[in-house]
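Next up: the structures, one after another.
Same chain, two partners: chain A is paired with chain B first, then with chain C.
Presenting the complex of A and B:
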């Protein structure tokens, strides 16, 4: 109960802080979402992409 | 006790119009001196007693043996006929009559669920800001240089690493470029030839900016193979595909190729000892 009040007081009360939090959150969300979806995609298609089978063909 | 003056007071009046600050009701046209009219010739029973005056017997001055006495029965209602002048209020006028009443759904206090509401709004803000940023950045990325434009970029070569008499092949615009650090003998050889008799007449001076540095495209002018350096009958290059021979200046001497090896645009960066092709 007081957690919500504390959150309100620190983040939601002043609009300038609210908007700044929204932008920072959007930035973090963009990065995090990108990483998350890429990881999921790679795991879902494991063994099918070039980067997975490259070691069999490329002579370093 | 002998009071000859009738006192006008507002006492136990039924609720009515507004009152003055002193408590007296405002009745601007009220005539307290009025008495009920006696109309005997009214067919329908007459107007009846005036209802706003107190009855005679309730108050007034009377003469007694001990003088004038004023008596007021304060509990008497000011009229006999009691119209039901009830206190009432009209229905509360809504500010926006078309809007339904939401009082049932309102929160008990201002702070409950406030953080949740703001969080929902902020969450939508985060998502939409992220969408906007993605759209703008993706659209701007399409305006960046495409792969073919990037391939047109200049290439820098460090000339100090190329000793005399050596060929170096670099890649530029997807094509090989031959760079040879010519020895004085080779330069001499290139210049003593009578170039006017060649298939593609071109003096060596016109093909190089500095005589010791020969820079040309390593693409055979016949059908585009890459000639091999330090090969061929003329001390220059030899194209293995169809047997074109190029001399030490890159000019065609023998074979099917029609033109000399092309010389690209290049500059010397004297300060750094570098050659910039393109």
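Presenting the complex of A and C:
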């Protein structure tokens, strides 16, 4: 059984599985994309944002 | 202007009036004999010297000028004289490398915090900050506890209570920054007739934005020779007109920063302008982050749709059409 057949059998054959895969994939991509962009943004702006200086002022 | 008129225009202008008959005659004559230049030049001279031509041309000229003046508001070919001077527009500020200038750069929040200190200790004596509440500082330049303590130091009028009377209470996070004057008239009376503008949106409200405010704060100087500044006014080349009611307020060492940054004039100006940039654009950091996401997503979607278009069209684009001529079956 080749890879494409396996993918077809697993995700595409039944519509319920296919739709669930699309929805779960969209959710996972949304979270992952946001995490990735935020990680880049925080590295690019290291030391400038409030979360970088907050520890100097917060009193627990 | 006359040189741009064709001879036909002259003829047309002249054809209105008593010379019409002669024109007709001359044209019919020249029509019977082709290339009879002598006749037509005589007719042309006749035309050019006629009164109707003069009147027509004058009318045409006056009409053109009137039309041009109506359309553009000025006479054609007449230069305009301006009584103003470039200094009336104010000096254009230099472009400064702000920490938040780049398309991926956030505000420098340590600078916002210092800038708030400068605003509170210096600017707030005259300038209000109506659109910023204490809660807006939380998570930007101060912790919630710090903001709450600062708000509680200010008395706010609230009410009415159960007896229908207004009462004073300490501020809370939801309260807005207290104005230095109760109303505009009081502000004008306290500043020799000049109204200190509200600073909430001042960075957005001025040409040159942050660069302008920084240049204004650091640009005070003695007026150059020949410039008269009235009593109570100050000279600042960046201010349109040059005479500004606000005096220079930032001097080295005016405030003492808690993080040990040397409080030079330019440092304080930079910090307070960063603070005011944040006040004008509190959404700035989030906006740029969403910008990164939007550019990535939309450019990948564009590439995908371009690929799909080529994919779907490939069978049409690569199709070859052969023409097989019908075989002649008559013989």
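Quick note on the criterion: the second predicted complex is superposed on the first by the 53 of 60 C-alpha atoms of A that agree within 3 Å, B and C clash if a C-alpha of one lies under 4 Å from a C-alpha of the other, contacts with A are read in each partner's own complex, and residues count from 1 in each chain.
The working rule: a residue touches a chain if its C-beta (ideal position, glycine included) is under 8 Å from a C-beta of that chain, and two chains touch if they have at least 3 such contacts.
As the structure is a computational prediction, the values presented were derived from the model and not from experiment.
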Which of chain B and chain C A:48 touches, first, second, both or neither: second
Touching partner for A:37 - first (chain B), second (chain C), both, neither: second
First (chain B), second (chain C), both or neither touched by A:5: first
Partner chain(s) touched by A:57 [first = chain B, second = chain C, both, neither]: second
Shared contact residues on chain A - chain B and chain C: 33
Residues on chain A engaged by chain B in the complex (per definition of touch): 4-5, 7-8, 11-12, 18-19, 21-23, 25-27, 29-30, 33
Sites on chain C touched by chain A in the complex: 99, 104-110, 113, 139-143, 145-146, 259, 285, 288-289, 292-293, 296-297
Parts of chain A lying in touch with chain C, wherever the complex brings them together: 33-34, 37-38, 40-41, 44-45, 48-50, 52-54, 56-59
Residue ranges of chain B touching chain A (in the complex, touch as defined): 111, 114-116, 118-119, 122, 125-127, 129-130, 133-134
